[in-house]
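Okay, got some structures for you below.
Each of the two complexes below includes chain A, the first together with chain B, the second together with chain C.
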Partner chain A sequence: MAQAIKRARREASRKPGKRRLSANAFLVLILGLPVFAGVAGVILPAFGYLPALGGLHLKLAHLTELAQQPHILRSALTGFFAGLITTFAALAIVGGFVAGFAGTSVFTRIQHLVSPLLAVPHAAAAFALAFLVAPSGFLMRLISPELTGFTRPPDWLVPNDPYALSMIAGLVTKEVPFLFLVTLAALPQLAVSRAGQLTAALGYGRISGFAVSLWPALYRQIRLPVFAVLVYSVSVVDVAMILGPQLPPTLPVRIAQWAAYHDPDQRFLASAGALLQLAVVLAAMAVWIALERLGKIALARLTHSGRRLARDGAVRVASALAMTACAAVIFVGLGLLAIWSVAGLWPFPDALPGQLTPETWLRTLPRLWAPLGTTIALALSAASLALLSTILLLYRNGTAGGDRTPGHYRLLYLPLLVPEISFVFGLQILIVSAGFTPAFPSVFAIHFLFVLPYVLLSLSAPWRELDPRFETIAAGFGKSALEILLTVRLPLLFRACLTALAVGFSVSVSLYLPTLLIGGGRLTTITTEAVALASGGDRRVIGVYALLQAFLPFLAFLVASLGPQLLFRNRRAMRT
Partner chain B sequence: MLALGLAGKAAAADIGNWDAVVAEAKGQTVYFNAWGGSENINAYIRWAGDELKSRYGVSVVHVKLDDTAKAIATVLAEKSAGKDEGGSVDLVWINGENFAAMKREALLYGPGWATKLPSWRYVDHENKPTVLKDFTIPTDGLESPWGGAKLVFFYDTGRTKAGELPRSAAELLKWAEANPGRFSYPQPPDFTGSSFLKQVLTELIHNKAKLQHPVDDATFQADVAPLFAYLDKLTPFLWRKGKAYPQNYPDMKQKLADGELDIIFAFNPAEASSAIANGELPDTVRSFVFSGGTLGNTHFVAIPYNATAKAGALLLADFLLSPEAQLRKQDPKVWGDPTVLSLAKLPAADRAAFGRLDLGVATLGPDELGPMLDEPHPDWMTRIEAEWTRRYGAGN
Partner chain C sequence: MQEITGSISTKTRPLTLSDVTIRLGSRTLLAVSAKVMPGEVLTIMGPSGSGKSTLLAFAGGFLDRAFEVSGRLLIGTKDLTDTPANQRHAGILFQDPLLFPHLSVGGNVAFAIPPAVKGGKARRALAEAALKEVGLGGFFDRDPDTLSGGQKARVALQRVLVSAPEFLLLDEPFSKLDAPLRRQMRELVFSKAKAAGLPTILVTHDGADAQAAGGRVIEIGIEEKA
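Here is the complex of A and B:
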């Protein structure tokens, strides 16, 4: 008997390597292949090679044409700097806050405040910010005319300012919750309280103590997500369309505009643009790596200098305020969207509308059903398939992501580390060249590609943390591995599975560019409709769409938290 | 009829036999490519689609475009790929340079179908010459008229006195200098924004006759010099000093309501009334025009040569032209787009219904709309848009 167990253990310890390989092969197939195909689908046409559209010879004409586009350099640089600044600011806020407050009650409170923000789609958050800070926005209305003397909105260039500051602000409010939650996942593996006691005893301030003792280990864990933030911010389209500069727009927005034309010449031009965007992203990564080196040197200097920097109260307060501000901007902004959606005439500087009316909802509702149906169908199917694949993957391979050897599922981040606009556009070209009409299956496939990483990341930690003894006992009763999975592990992880499903659902709901490009404008979701309306400027209708867009993920998370209560209503211990 | 023959299998398209068209259309899905930036227009198209579904069993899908040029590019791409049948665009909302391009590239179904639609007999082609000449280009029955348009300005009497209103482009510049930051125009190539450029060009160009012909490369810079000299003077006094522009007409409407802009303009005389009815603009908003006249034109629907659902598209085009649909379209509570029909040609009941329409408090009567300036040849629009982007495409 004992020998049998030993043998089983030996086999178990030998197998993961092989299994991991097959898991990676699986990921290569479903994540790597489309990404690389997409990039190839951009690079070749950028040099003029695309037989389906009559491009048979390699040439530089399209790159030259790109270079001749008016103000192209400026478009590229704006996105480049905006992305770097966004990433730096978001990391500084999260890092400062975690360092300054880890383990305190403030930390828990702000954690509860910030966590739901992850579910709010970028576009909805951008609208929320725009409604708040525009010269005719809510903040100005609140203090006008009493404090400002303005009876008319001032002529200030916000949002859409040429230096992309409002766009950076909008991105930071959404990237902070993301980095924060990633950090939260990594914190349990660090000896936060012991290191804190040690550095405090040595007279360090909270922030400098954290930086000296824990930061390098923490940063190593969140480095890939940080790069994902960088790539996303440099290449963002929807937020840039809502908050970014317009004269000229950032490069990704211009590529999206070119790509929307079905004219072959514009496709070649857009490909060249997408290639340039790839270069911009690589340059931003190079700069970021240089910044990492500088940060490392600075940190080493600080450590060796022995300076304690004990008086860091101001920095701590600032980081806590910044965290709270991100949450406040989005929550107040969403409230504003709700008010606008039922507002009658609402002239400046009235802080609230004179009358409320359901008119906008009644008018919009009949047109909402179709995109709403598409949105939910896409999100549910993509998230379900992603959950199923995740369970299979984890079942065969054990845990993913933030465990001690983070090498396993690095590929997961692939779709997040290559700019969407580059490889999704390449995929679009391939799909069109292959003669497929844009339809539900292709959009579903691209949604699955973006949803899978998040679902896998979300389920990995609870999967790993489940007490193995439950399964050991079940095995002792002679249950097969599959039976154990179905009757023990999955019921115990029911809530975690629902949460992962909700994460996948909200990622799918918020996808703009992939839906637009692969769907060819024929498959409309709430998100594509909302962003299309951004230029329309009718705040009431934007209110309806953006509110609905933000509401869907909340609904998914609500179901995820209520599901276990209903299903296990006669088993108290299972309800949590 | 030769061209109809060329349409091949879409035999249907034997438009002389309307019953056959109706029969063939049944069960088809018409992809109607139309600008989708305005909610009331989208609602109207949806209504038309619902009616077509219940009456003829034809489904209508509104493919919402932000720029009609995209639909033309689609057809062009299909043509170069040899896809002469089963195209993805069935009907397209069109006029001006887009029509000119499609006609030039032979991307349109026809000619002659438009004047054979059952509802054509009501069209006022005698008094509305733009029904037959779209931006100087003869329509040849390649496109069916849908609505009329005329450039009209709006202001809020609560903020601006009627006596101070500019009555020409030159006066508008003076007004902007006196009221900095309170005027702007949608960023070209937005249709409304480009129309403003054409309005100014039409008023300022030395030889107006040139605008009726394609651009002459040799003299283009000299011809448009007055326009850009004007814009150079105007830009520092624009909203946001010309470092950002409203994105389209609905954006300007919101900014008039917010008090960011004082004078805005639209290509639909009824826009202000319909916005007041929807609670988007205060009821103190009124309309005015330039005394020397403003641009006017007609907008159309056309069928690409390779459309899949030609019969369905014909049916939709005819329905859009019917007195019933035209009446609903002109109602400012729905859309407020002026009809292309002649009231005199309508049956008495329909004529009476048009008479009962309340055009709204802010809409100018037909006699107050002022002279109609001809649209320049489409060439001009494309060229001045490119020139505009070169000069003003980076705000600072």
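Here is the complex of A and C:
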């Protein structure tokens, strides 16, 4: 019956008739337009056309100039490979873990450990890793001088190693939680336990059984997020500035540096770079698609060979350890940030500082208020508007009676599938060309653009899962659609709305590049300040900023979980 | 006893299902033509998956657009077929009591009282009286989640009755209650519906429900595998 209804519904939806502005059309307007405008805003100046800056003729001079930049190929390739390796590693860890442990108690435990990592901003996580693995970092201090004999930090290029290994490690620790949560959302739609029992009965190991029976369906569902991870990792700027190679830096970092100059020539050069970055991302996507094909063939071979691969204990343990390691690195690293922010004298190789002092905090605090205020104002306003838009979007769509799944909001991923550095920089050029002074409203608009997809993804599942009979009953009482929304649906989804708000808040807090480029350096947030400190290397001050950056999202999620507890303290069913 | 929940809708009218046919794709789920008099219960019997609940969805105005319907629905002489759900005055009881978890027990009842009853005091008094009728006096401020299954079912019944419906739609409302409670609730629901003079459609797969309802029974969906 349910199947028949779905089929008939599909047919009914094909019938012509009165149509509202569909959700997708709305998304095209508010997400697609800026992205395409931004890309155009990069392509034209890359070929020399930008009347506002005196470029009136199409020419290749800027691309030639780009080609003549020292080590430009190396810069481009480092990001390219780092992104591919990051994506592959994160997917392998998450896939291996889900396949090896879905439905076990280990799974639940590690899920609780890894989930909070999603809220930690990339920059804070990168600093956490840096403080851990640097030659004068915590790990080295723990084993020095007893095991290493070092009484002063060795002269190693870590982080910022030329092969970008520390950058890859930093990216993997942050992308694993993201892919994991996306996978968690997809799992309920698969018959995990039944397939597991079936393949186990046939003698398959857990991982090979999962791969043969469930992986293709699962991968189809998480494919867009995987591509988002790839694009992000290939084009990342803030993590690359903190952990990535420096001589030369990766291409996105160099573009950001060129874009920061107010010299028009540098802007043309940056545009050419941003165009190259677009090509790099497309190339990475092409390679990934080729890898997907290979993976498919390999899986088909495995399936047809009938090999059971029952002894997969080592792989399972490795994947569980990798998941745990991501959490451990970030949590211990955040602890180190906290210690550094209150450390007095802390000579190498002491594992802990000799004395603690509030001196750094007291010294930094007067400079903190303005960026802190900006960060919170931006995050609150962008997340609130995104929540409001999300509610309107789901409301319009929901009343149409369709069975929309998040899969129908494919466009949501658009801003995540075009490299930030390319289209945001293009938007910056357009804003400057149009004669706008970069200020709060434009930065707010770009934050909204990045926040909306996450808020919509976060709220759409609980929205769909609410028992429709509550609203049917209310309609029977004569309540209007708006009354039902305000008095039934939204109160029942109060917790989910707060969570979506917290998700949006965290995304906004962690935005570095859009804030920097669109703000034109006039609007500083905790994040732009923290990343700017990376090159300076004052660990105590970095500790203060990065800790604060990580603390803000945490605070948002705390409010989201405590809010319902307080508001509905006399309503048991509303508190869980 | 019945004054409170019966007094709001004074004139009740018969409910007419005029040649109602509901189809899904090429399959005809049901075809019904019936006039349900005030205080009468029409029972639609059928196995699960037969589509009997679609008749209630049609009558309540919340039928999925996947279904094709022909025929008319009338209350008295007024055609409701194209009236939106929230202007039909259909009282609906589902298998679950579905008390709004964010409101108090009394808040649930007060929520359903028509806006014509003005003033917080009057509305609260009405809700309190409705609760008292079913032995739940003093429960106004309770959290619905702390009530027993039978208590919740009684609140759900009173909630729907204070909403001054013109007809009642019952979607297997007793199927999740255990046997003794089920008997009690049947008696309570049918006596209240009669007292209020409401035409009622009951959908069930339980023959005992149909017997207790004491009205006409239409059996549908004795068919091959769905």
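FYI, the second predicted complex is superposed on the first by the 546 of 576 C-alpha atoms of A that agree within 3 Å, B and C clash if a C-alpha of one lies under 4 Å from a C-alpha of the other, contacts with A are read in each partner's own complex, and residues count from 1 in each chain.
Operating definition for what follows: a contact is a pair of C-beta atoms (placed from the backbone, for glycine too) under 8 Å apart; a residue touches a chain by one contact, two chains touch by 3 or more.
As the structure is a prediction and not an experimental result, all values here were calculated from the model.
In the superposed model, A:F494 lies in contact with chain C only, and not with chain B. In the superposition on chain A, A:P70 makes contact with chain B only, not with chain C. Using the contact criterion defined above for the overlaid structures, shared-chain residue A:D467 touches chain C, although it does not reach chain B.
Contact with chain C, but none with chain B, is seen for A:A475 once the two complexes are overlaid on the shared chain. Applying the stated contact rule after C-alpha superposition, one finds that A:G521 touches chain B and leaves chain C untouched. Shared-chain residue A:S105: touches no atom of chain B or chain C. Counted by residues of chain A touched, the larger count belongs to B, out of chain B and chain C. No residue of chain A lies at the contact with chain B in one complex and also at the contact with chain C in the other.
Contact residues on chain C toward chain A in their complex (touch as defined above): 24-25, 27, 49, 51, 60-62, 64-67, 84-92, 94, 96, 98, 100-102, 104, 111-112, 114-115, 143-146, 160, 163, 165, 169, 226.
Across the complex, chain A is touched by residues 31, 36-39, 42-43, 46, 61, 63-66, 69-70, 73-74, 76-77, 80-81, 88, 180-181, 187, 239-241, 243-248, 250-255, 257-260, 278-282, 389-390, 392-396 of chain B.
The touching residues of chain A, when paired with chain C in their complex, are 1, 4-9, 11-12, 401, 467, 469-470, 472-481, 484, 487-488, 491-492, 494, 568, 570-574.
Chain A makes touch with chain B in their complex at residues 52-54, 70-71, 74, 135-136, 151-153, 155-157, 160-162, 245-248, 260-264, 266, 344-348, 355, 357, 359, 363-364, 366-367, 437, 521-522, 524, 532-533, 535-541.
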